[in-house]
Every structure is written in structure tokens, then in C-alpha cells.
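Look at the two complexes coming up: chain A is in both, with chain B in one and chain C in the other.
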Partner chain A sequence: METISIAKDFSKNPGARYGDDGDFSGELFYKELLLPAFERAINSKQKLTIDLNGIYGFPSSFVSESFGKLSIEKGANNVISVLVFISDENPIRAEKAIAEIKSPIKDEQ
Partner chain B sequence: MGKKNRLLGNIRARYQKKRKSKKWKHRKLSKVREKKRKASYERLLRRYEKIRRDQARKEYYLQRSKTPIALKAPADFSLINNTDEILEYWENVGSELQKKENVFVDIDHIESLTSDAVALMIAYINNSDFMNDSIIVGRAPRKRNLAKIFTQSGFYKYVFSQGKFDISNGEILHKETNNKVVPEIAVSSFLVGAEHTFGKDIPFDGLYEILIECMSNTHNHASLNRKDKCKWWIYTHPDDHKVTCYSFLDLGVGIFESMRTKGFFTKVLKTVGIYKNIDFVTDLLDGKIQSRMEKDRKIRGKGIPEIVKHSKNDLFRTFILITNDVKIDLKTGECQQLGHNFSGTFFYWEIKPHT
Partner chain C sequence: MSNNKKVVFGVLGVILFLIGLVIGLIWKDLPLIKFVPDLKIYEVFSLFTTIIIGTIYPFLIKKWIEDKRTTKAVLAEEIKGMLNNVREIKNIIDKSARSRINITQAEKDYINTIFSDIDMFIDSFEEQMKTAFPNNYSQVIKNLKEANLVYWKFTSGQPLMGSQFIMTQDFHYTHTTQSNLYSKSLKILIHRIYEL
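The block that comes next holds the complex of A and B.
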């Protein structure tokens, strides 16, 4: 089972939504790490673990552009069934990601 | 050998013939002419630059020689506590500067001063549109404790040397010149606050997330014409009582100015003045107000609601948003219609230790 640690594999300080907003954006995380790892997990019929420990925070725009986008692209149920979150430092981070996956479109919230 | 020489001779003869042709001469001549033209153009450009520089210098000295108009600041020099008077004051300063007058910002006598007012002042003085090539002069307040707030802020460094990043006695004053979201600055600012207020770097997602969303808000919404045109400022000020005060501001168009309401009628009604900005506060805080950005509209607009959600946390003692002609207390939801417009967005909050 593959694991992505946002702090170790990406950055301890996740940024905003798009690449042109600034460094460590949700868009970059989605394209470079999350989407490829998700597709590998689907192909190998395995889970994908997302480790949310060690980061300074988990900004909404970052979450929306990464996990929200993944949900829009691949379907909320698929994403929920594949991803496993580790968030010992702050369980709210995992709840936030799951809430975003379940309803990524603002009007549906 | 002879054959080779003949061949070379032929080539040479052809070349010499070619050099005598009108076409060749014309081409060579135009190359020389082109070179001369370029050199002359560059000379002209250099001369123009010199004239422009001399003129700018003359204008500057002429401007400097003008006696500044003294404008007495309100005794309570705090944007957060005395919002309307401070906005009116800067409006007056701005209007004199637009008339090409120099202004003496008289804060000698002030009775109270807060870090938010210092941040606002520095942002204005560094804003070329506001300054209009005029000059602001002034000196620190007479009261020693207030003068200390000035010096600690790195104010002089910013105003006189246009410094980019300054940490003075654990404070952070930063102007983001690339106008982007800079997570490293959010971390630095977070650490100053967390270490001063809680004594250590504790996990406090809300504080970091607010900083990122504020930067993102400026980057995306502060300018009507183009993304990332507007500069933002952050001032992190640890006070003497374990409280850290944060001021985050931009001098853009303001949130309400940049908003785009969904319904056509509300837009029309707002234009004819039936609706005021203050009527849209609830929609703004709920993330229902759309910005002018077209891309991904359905999934965007989560930044302000996130800031509002975090502001309710008990670790935030105060949380104020001032934009256009509205002041909102994000902790209580109370809003105030301002008598003066603030063109920009100002977030102010304080974090306090656990009780």
C-alpha cells in the first residue's frame, strides 16, 4: 500500500489553490502526487494512505484544488473507498479532506 | 595543383565581380546605414533618459522644497478602535498628495497607537498611487511607549530604505512584492505568534490557514483588472501581555467592490443605490458572493468562510475585517456602516494564551 506524507513528500506548509497563486499549491500537489498515486492505487486495487501529520495547516483552497478536484474527476465514492487518512496531530484535517471529497462543489454544501 | 588554382581564381573573380554589383554595394551600404541608425537611436535614447532623470530630479527637489501641509492625526491613532476618524484622516492626506502637496503627518501628540495603524501607514507611504510623487514627512509620537511601537515595527527602515523583509525584536513586518501566496511567510508569522503567545510552536492550523487565505484573497481579488497586481502587507506584533496582534492588508479595490452577486436584479439594485455593501455581509461571510474571477467558480469562494469559521475559536481574542465602507466583527457577526471608504481589505486579529 502506497503512502503520501504531505509534510515529507510535498511540503510542511501547503499553499493556496493554483500554481500561479504561489508555492506548494493544491494544483501542484494534485498533478504531481495525488492523481498519479491514486491511479496507481486503482490499477493495483490497493488503498492509498495520505499522512496529514507534520504540516502547519491544511488551507481550504489547497484541499479543494487537490482532494475536491480528485473527487470531481474520479467520483466521490471511488475516492472515499481508496483513500485512507492518517491525522493523529489534528483529526480535523482528515475530516476536512473527507468533507471536501463528499461535496466538492460549493453550491451543494 | 593548376586545376585547383584555376578553381580558386574563378571563385575569387566571381566574388570580385559580385562586389562591384549594385545589389552588393546597396546591401553593404544599408548594413552600415542600419548600424549608424541604431547607434544614433541609442544615443537619442540615452539623451532622453538623461533629460528624464534630470527632470525627475528637478521635480523631486522642487517638490521637496515645498513646505508640507501639517495634518493633525486623531489622538486615538488606531484603525481598529477609531476606524472612521483614521480613514477620514488618510483620505485627507491622500487628497493633499493628489494635489501634489507634501504632507506633515503630525502624530506627535497622539494618546494611543495600535500596531494596525502602523501597518496601514507603512502601506500607504509605500503605495506609489497614493503618494503621487509627493512627500510625507513626520516623526515618532512624543509618548515614549508609543514611540517604541514605531521603532519596533521597523517603520523607519520601511519608509526610508524600502526594505523587503524585516524582523525586529521578534516582530515581522513584510511586504510581499511578488504579490503571491508565500507559505514561508505564513510559517514565519505563525511561529512568531505561537512562540510569543503559547511559549512554543504548538499545532494551530487555524492561524496558518487564515494567513494563507488572506494572501490568496489579495492575490485573486484585490485587483479588478489582473490577478496578482496588488501588494499585501503583514505585520505581526507581539505585545507586552502574551498577546500577538496580526494586521494583514492590501490597498486593492476591497472585497465588496470586487464582488459579483449572482442575481442580475441585485446587481442592478446595488448600482442604483437601493442596496448597500452592508446588506451583503451575510452572503459574503457564507461564501455566497462571487468574485469577478471566472475560473472554477463552483468550487471557489471557500477562503472567507474558512476565516470566519476559525475566527470563532476562543484563542482569537479579536477578529475584525474592514473593507470598503463596512467594518465587521467576525467573532460576533456585528457590522458597522462606515462613513468613509477604505479602498482595500484589512484583517486584524489577536491571539491570546489558553485560559
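The block that comes next holds the complex of A and C.
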């Protein structure tokens, strides 16, 4: 089972929505890490673990443009059935990501 | 034996004599408990019930009430911690609006950290509510999480986090409204805790 640690594999300070908004955007995370790993998990019929420990926080726009977009593209039920969140330090973070997957908003601007 | 010791033993002797005298007088007048043969069973039951209530109330019920009051005060402190965090975010945005200087990346990162802090307060609050009020916690927590999600989505989901964001009076006004709504829900929550 593959694991993406946002803090170790991406950034401890995830950024805003789009690449134009600054470093470590949700768009970049989606394209570079989340979508490819999700497709590998689907093809190998395995779960994909998302480790949220170690990050200092994440803005809603980051979550929306990564997990929300994945939900819009692949379907909320598919995403929920494949992703496994680890967030021992802050369980509410995982709840926020899951809430976004269940009710994605493409662009809040 | 020294003179000091003689005095001490003399005083002790007098005190023991007086204590003995008092015990003797009390013992002489001590009323004996006699059960009247035609005493009704409910009268005995009533007497013992009164004695038990008189004993239990100060030791158990009062302690239980005190414990609940302490638990509620601890929970209220958690909510006050969240309120302080919301105020801190508002201060950053107010300062930017007042000075007409855009929020820096460091301030944006700090806002994200404060939201993370609020999440941890909510998690701690939920765990304590589950322990203290297992039958009343679910709706309270649901409302709190919903209010938190709305405020988080507004503040960090809007263009504020983008590098091209420019503080406007309109954004400041809308943020103030959202911040006040969230703060109000937290203050109401403190009152609800004390009603439990």
C-alpha cells in the first residue's frame, strides 16, 4: 500500500489553490502526487494512505484543489473507498479533507 | 526529673483529670435509645432515610455537583482558547485592512497554524465531552464542527491565501461578519455547556 506524507513528500506548509498563488499549491500537489498515486492505487486495487501528520496546517483552498478536485474527477465514493487518512496529531484535519471529498467545491473564488 | 518536666506532667495530669470529669458527666446523662414496642415500621424507615440523606448529600451529591461544575469550567476554558485563536486571526486581517498593507506569506502560514490549533482544541473538547457528557455531546460537537468548517472555508478558501490577494474593504467587512458569527456560536456554546 502506497503512502503520501504531505509533510515529507511535499511541504510542511501546503500553499493555496493554484500554482499562480504561490509555492506548494493544491494544484501542484494534485498533479504531481495525488492523482498519479490514486491511479496507481486503483490499477493495483490497493488503498492509498495520506499521512497528514507533520504539516503546520492547510488552507481550505489547498484541500479543495487537491482532494476536492480528485472527488469531482473520480467520484466521491471511489475516492472515499481508496484513500485512508492518517492524522494522529490532529484528527479534525482528516475530517476536513473527508468533508471536502464528500461535498467538493471546485473553486470558491 | 527537672523542674520543667515536673510542670509539664502536672499540667497534663490536670488536663486528663478534667477530660475524665467531662466524659463522666456526659456518660451519666447519656440518653439511652429505647424502641417503643408499638413503633411503626415506616417511622423507623423514615428516620433512617432522613439520616442517610443527611449523610449522603454533603458527601456525595455535593461532591458530584462540584465535580460537574469543575468539568464545565474546564470545557469552557477550551472554548475560550478557540475564541482567542479566532480573535488572533481577526487581528491579523484587521491590521492589514487598517494599514492598507497586504498580508505577508508568513502571516498566511501563521493563520493556517492557528486553524490547526483550533482543530486540536476541538479534538480535545470532543474527547472531554465524550467522557463527561456521553449522552449529550454529539449534537454540541456537530454544531461546533460545522461552524468551524464554515469559518475555515471562508477565511482560507477565499483568495486571501493567494499571492495576488489585495486586501479590500469588502473582504475585511465580510471576514468581520464571518468571524463574529463563529465567535458568537462559540460564546453560545459556553452557555450550553453550563446548561448541561
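Rule of thumb we're sticking to: the second predicted complex is superposed on the first by the 105 of 109 C-alpha atoms of A that agree within 3 Å, B and C clash if a C-alpha of one lies under 4 Å from a C-alpha of the other, contacts with A are read in each partner's own complex, and residues count from 1 in each chain.
Just so we're on the same page, a residue touches a chain if its C-beta (ideal position, glycine included) is under 8 Å from a C-beta of that chain, and two chains touch if they have at least 3 such contacts.
Please read these numbers as outputs of a predicted model, since none were measured by experiment.
Q: Under the superposition described at the top, does placing chain B and chain C together on chain A give a clash or a fit?
A: In the superposition, chain B runs into chain C.
Q: Who does A:Asn78 touch here: chain B (first), chain C (second), both, or neither?
A: The answer is neither, since A:Asn78 touches no partner chain.
Q: When the two structures are overlaid on chain A, which partner does A:Ser11 contact: first (chain B), second (chain C), both, or neither?
A: After superposing on A, A:Ser11 lies in contact with chain B but is clear of chain C.
Q: Is A:Glu95 contacted by the first partner chain B, the second partner chain C, both or neither?
A: Only chain C is touched by A:Glu95; chain B is not.
Q: Looking at A:Pro104 after the superposition, I want to know if it touches chain B, chain C, both of them or none. Which is it: first, second, both, neither?
A: first
Q: Give one of first, second, both or neither to describe whether A:Phe24 is in contact with chain B, with chain C, with both, or with none.
A: first
Q: With the two complexes superposed on chain A, say which partner A:Thr3 touches: chain B (first), chain C (second), both, or neither.
A: The answer is neither, since A:Thr3 touches no partner chain.
Q: Counting contacts the way the document defines them, which residues of chain A are shared by the two interfaces, the one with chain B and the one with chain C?
A: 13-17, 20-22, 56-62, 64, 89-90, 92-93, 105
Q: Looking at the complex, which residues from chain B come into contact with chain A?
A: Residues of chain B touching chain A: 180-184, 186-187, 190, 203, 205-209, 212-213, 215-216, 219-220, 227-228, 287, 298-303, 305-306.
Q: Where on chain A is chain B touching in the complex?
A: 11-17, 20-25, 56-62, 64-65, 68-69, 72, 89-90, 92-93, 104-107
Q: What residues of chain A sit close enough to touch chain C in their complex?
A: Against chain C, the touching part of chain A is residues 13-18, 20-22, 55-62, 64, 89-93, 95-96, 99, 105, 108-109.
Q: Along chain C, where are the residues that touch chain A in the complex?
A: Going through chain C, the ones touching chain A are 105, 108-109, 112-116, 119-120, 122-123, 145, 148-149, 152-153, 155-159, 161-164.
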